[in-house]
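Shared between the two complexes below is chain A, which has chain B as its partner in the first and chain C in the second.
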Partner chain A sequence: MTNVETTSPVAPDTRASRAGSQGDVAGEAAPTKMTKKRKGMIAALVAALLILALLFAWYLMNRKPLSALPGLSSTTMPHYELSLYGATKPLGVAVTPTGDRIYVTESGGTQLVRVYDRGGKQTGTLKPPASTGAWHLPMYVAINPVTKDVYVSDRQSAAIYVYDSNGKYLRTFAPKGAVGKFAPMGLAFDPDGILYVTDIAGATTKTHRVLVFGADGTLVRQFKAQGSMSFPNGLVVDLRGNIDVADSNNGRLLIFNKSGKLLSTISPGVGEGDLGMPRGVAVDEAGRLFVVDTADHMVRVYRVEKSKVTPTYIGSFGDEGQLDGTFEYPNGVATDKRARVYITDRENNRVQVWGY
Partner chain B sequence: MKPNRRTTSYSDKRVSRLLRLGVAVLVVGLMAFVALYYQDQHVDAGPSLTGRQIAGAEAAVKKAPNNVQVRLQLAAAYLMDKRPNDALTQYDEILKADKANRPALLGRGRVLLNKGDLAAASVSYHKITDVAAKGEFAGADPQAQEAHYYLGSIAIKQGKTKVALVELETALKINAADSDSLYLLGVAQMKDGDPKLAVNAFKRALLFVPTGWCEPYSQLALAYGKLSLAPQKTYATGMANVCLKKPVDGKAQLKTLLKGPVAVDAMLGLGLTAEEESNNPEAVSWYKQVLTRDKKNATATSALSRLGAGPTSPAPAAKGSSTTQGPS
Partner chain C sequence: MRKGSRAVKKLLLLGAGSALMFTMGGVGPAQADAGPHRSTAVGAGQTALLSNAGGGRCASCHRTHTAKAEYLLKAAQPALCYTCHSGAGSDTDVVAGMDQNTSLPLRGGGFEYALIDGAGANKTVASAAGVTPVVLKAANVPALAAGTATTSRHEIDGTTAGTMWGNGAISDPVNVGKASVVLECGSCHDPHGNGNYRILKPVPNDAGTLVQTVISPATATAPAELSAPAEGVNIPDAVTKVYTTTNYWTVADRNVPAVKGGALPIATETDGYITNVSQWCSTCHTRYLAGSGSYKTDSGDATFTYRHRSNRNNSAGVSRPNCIQCHVSHGSNVSMTGNSIGVNPGDTAVVGADSRLLRVNNRGTCVMCHNV
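Up next, the complex of A and B:
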């Protein structure tokens, strides 16, 4: 900017300024006509300061990477950022909206839930008390957006354990109503705290279903699919309020509306966007739907649009392997509000963090 | 009227100072933003999984330098980390202690093959096949099969077609379903001037891997061309085009064959293409047309079963189709 001043074409003024500075300058400054150039410079500077202030404000409110600025393309795939280590055969993952606390279910090793900070440092564990039995197999985990409590499904004890946000065990979720035999798997909440659970109880897949519980734990409704579900796993309430369910062993994603009407299906197959064996499901604020395809060792990404019943396939990321950014039988997925995607990489014993 | 010089210069100075201040605020603000952004977004990724594995294996080797298993693990970790020379050192260390160690010989052969040292790689693989040929389980030895496959591959690269044929046929005696060996056998047979045999080998390879592998289709087209079988060549070219993500060209070529001698193959190809395009109803339609011509066609029957459209199954829904299933 110094350069601008010294090389300014406003030479007469500059000379005048120099001359004036040698004499008395105590007089009142009268409004003078500025050159167009200088006016332009002031306008540009004010505009730049304003943009910077807006950028600061936007960033402090969202804390997202700049690549996630509104209006930028949402069709790009995320990139690998880091991995969290320490969990043996991790399955489910949930993350606080800020990404500062990450909950990971461990199906091998000590079979508990590990809690990490955003840098991958383990900060605690969640484990049900001895009164709930000696054997546990935590599967999926979800955070109640209203109470901030953490819900963990347990396949071994066929129960859901509830912890507060500090990791203190609160209770075992007791469903009210005619639930019958209950073997919870995937967990998801809607913004009002309504809990959706995939249930694989029963000797055959005919009884596999999705259960919907009110905030007080009362069974509100249940839904099944044509031809029955086969080991439904993860599920999520998407931006339209629909419930997207990974019908894992049928290799498809089922999209229900809130009342349980099946609206659409993403099918199994070999085509682009077709599924192999979907497990975890998550959505982010940008309307992207992430489906972990464990058999194909990748995460498929779809865009949820209000005008379309079926999400539009936009790409996939990951491949089979052990290097950074590759997976061996990934399972769970979660997103935070900072444009990060967390995927449990089961056979590599890590949780991968990808970001936009 | 001329402006007052003195007041004009004073005002200019003030504006200049303000401008400088503004620029300084902008620069400091930008720097602050960059620092905040970096601190907030950047998380140290730490060592990768491979890095951790290497560190662990190196520590284990230091602790027990004579343990072959940990050296093999270290070599595998080096290979994963794209450090073939370090892996080679480990394999050589193992072979100093155990000259016939098969995993080390296979690993050494792979590294040398990738480095282009065909003769040295060949020596490694021969050390396996020479011993395995006399063994009790010579006919069911997967490591010997792998060695014969690579020896065949090396022989093709060296232009020793007859040797390649022997090695690949031996590999296929051990595992007749190895599509890689079948494909290379076809390539060797083509080089040996026998496109008829090559056609058979390519078709068998494609039986096991019908999609996502374009080379066998391209080679099949070449083989049919040498045999002057125009419709068959068109079929193979069409399938190669589908595989090479040119489905419009591929389908157009396949549709020209629906009444000729390769009609069934063309229909199967169109069915497979429809499956790849997630158009399951169309795929089912093609497979059913195959069965009207060839009731016992195993490929069509298994495809229909895969699509849930067997004789007793309802027709599959198209991807994304709506249903009217209500809550139960």
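Up next, the complex of A and C:
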């Protein structure tokens, strides 16, 4: 007889069997559910990480803070970052969208327009030729978004000088049409290159007005305010397409539509968001409207909303003083696409750069 | 598995890591401002609505509890004043010394620049040579097309301490004036408005106590000429205000009415500016006010012993020796060289190229009148 080893069949673990058997249908299905769930969670995690990475990449490329993301709250006040020195009694400021070139009008000292790079190093000056006269007082500056030319208003010669982006003088702006006596102050462009100018010519304030010029310099329209403006200074085309004008000596901000109809007013007063002596005005991509209040040594910040004509006050920054982050008669303001705000600090002889 | 599930969830939340916005209310008080200088003071018996008094103007410049400068100002002068009066808020640009609307020079010059053509001063005489004071057919100190830096000014920076030359009574011991005086715009001008010419204060700050004295005694035909009274000098304002000039030797202003609450020193005079301005200057520069014959009369003062007449206060003819004929009030850009460089009163120091607010280069002011 041959020995054959046989192995007794192992009795299945009944518990396990039972369980298995009980869940046989479920047991085969349960691993699938858990896997799917886990897969879903992992996928979500990966997606979130991907979003983060994209955000980080976007930030790196644009050097924008996350606060500048569309849809996020825009009530934060900026913080002081640095100052640019070298200009004496600076008044007006303009900056390229990327922030790589900053133009500053100097009302004291050499009375030129100084050009700085992003790091605050002066790279050049803008000065009209001798044929335009011996004495100049540059006030405000603006960049044409279409041609990239730089426009500078001059108080002494009652003119606007035009330079190319490299600082080469091109011409003296020659308005066409029935402009009459012309004393340009604040300058602003809309995205199509239409030029808006506050004009303070005249022996009385009754003639103070806003002039609108087409791309070829032709006067398109002009408008005043009921009761007259008094030395209007800065102005800007906001995100609603309205023209916000600092009616400086009346202590108010006037909001006009493009046709020149007065829509709303931010008044002088003692309430939150009321104004003292507004001078420079600027908007950023987040819809924030910056109004420099020179007599209060502050910058007022409002939000331009599509649902409301009057911008909503959201806060102020700055205070009177000489330390970083304080002002002595701030005047002009400009913004770039990197969520930076540039403010001329007249009596401290510097341009302050604030950021989000 | 549950633990593992929770861990994944936590990781998910962490991994999501979307940037949270922190909103901060950058809230600060906003306060009022308003327009030009004008008085809302009410007279005796008048009533004014309180809401009109001040008209929101006060907060333009003042803070009740948080002022940063004297007189409860938001900030110190002159920067406060230059906010408007350097081109951005007014046509009267006292920094540049010109009216930015007309591009004409301001009568008082400017604090940083002036347009006085001191080198171009000229005269045409009517009388024979050797007559002093010369009778002029014409005299002209033209204006420049563009300003040049001032070589002298009333230093109104609110910081620099200077001497108020000649302030004080006739003094036997040497006393050149009041030392350590700090000037600001508001030392001479009342920004609230007071109805006076150029809103000049009747008694400028730091002038001290005024004691009226006889500058020239009465004659048979004219009353005594007096120094500023204790209450100061009110030069009436003009209805038609003229801030500019094209000839810095023509200093009269016949738009200024002659009378403001008092008798005229010269009954027939119609120019309230010339009539009163030297008296006003002497509220500070007391011992510079001198009458007829003062060039040969010992005043009794150890420093200002013999003085050029400066109180000729009628505008008849051309060129009369009063303060404003030779000096501007804000700043001058004329040049002084060589022997024209002056010495401080009391022979204390050579003042360099300081032009002493004069109107003509190299002390040429003298020969505008003296044909020597």
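The rule is simple: the second predicted complex is superposed on the first by the 297 of 356 C-alpha atoms of A that agree within 3 Å, B and C clash if a C-alpha of one lies under 4 Å from a C-alpha of the other, contacts with A are read in each partner's own complex, and residues count from 1 in each chain.
The criterion applied here is as follows: contacts are C-beta pairs under 8 Å (C-beta built on N, C-alpha and C of every residue); 3 or more make two chains touch, one makes a residue touch a chain.
The model shown is predicted, which means the values in this text are computed figures rather than measured ones.
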item	value
Partner chain in contact with A:130 - chain B first, chain C second, else both or neither	neither
Which of chain B and chain C A:139 touches, first, second, both or neither	second
Chain B versus chain C as contact partner of A:350, first or second or both or neither	first
Chain B versus chain C as contact partner of A:107, first or second or both or neither	second
First, second, both or neither for A:178, with chain B first and chain C second	neither
Which superposed partner A:55 touches (first chain B, second chain C, both, neither)	both
First (chain B), second (chain C), both or neither touched by A:230	second
Contact residues common to both interfaces of chain A (with chain B and with chain C)	34, 38, 41-42, 45, 48-49, 52, 55, 66, 269-274
For the chain C and chain A complex, residues of the former touching the latter	1, 5, 8-9, 11-12, 15-19, 21-36, 56, 59-61, 68, 74-75, 79-80, 83-84, 86-91, 93, 96, 100-101, 103, 112, 145-147
Complex interface listing, chain A residues touching chain C	34, 37-38, 41-42, 44-45, 48-49, 51-52, 55, 66-67, 69, 72-73, 75-77, 89, 91, 107-108, 133-135, 137, 139, 155-156, 158, 183, 185, 201-203, 230-231, 233, 248-251, 268-277, 279, 293-298, 300-301, 314-317, 319-320, 328-329, 331, 346-347
Touching residues on chain A, where the partner in the complex is chain B	1-2, 5, 13-14, 16-21, 23-25, 27-34, 38, 41-42, 45-46, 48-49, 52-53, 55-56, 59, 63, 65-66, 81-83, 85, 118-120, 209, 221-226, 259-267, 269-274, 309-310, 322-324, 348, 350, 353
Touching residues on chain B, where the partner in the complex is chain A	3-16, 18-20, 22-23, 25-26, 29-30, 33, 36-37, 40-41, 43-46, 48-50, 52-53, 80, 211, 275-280, 316-317, 319-328
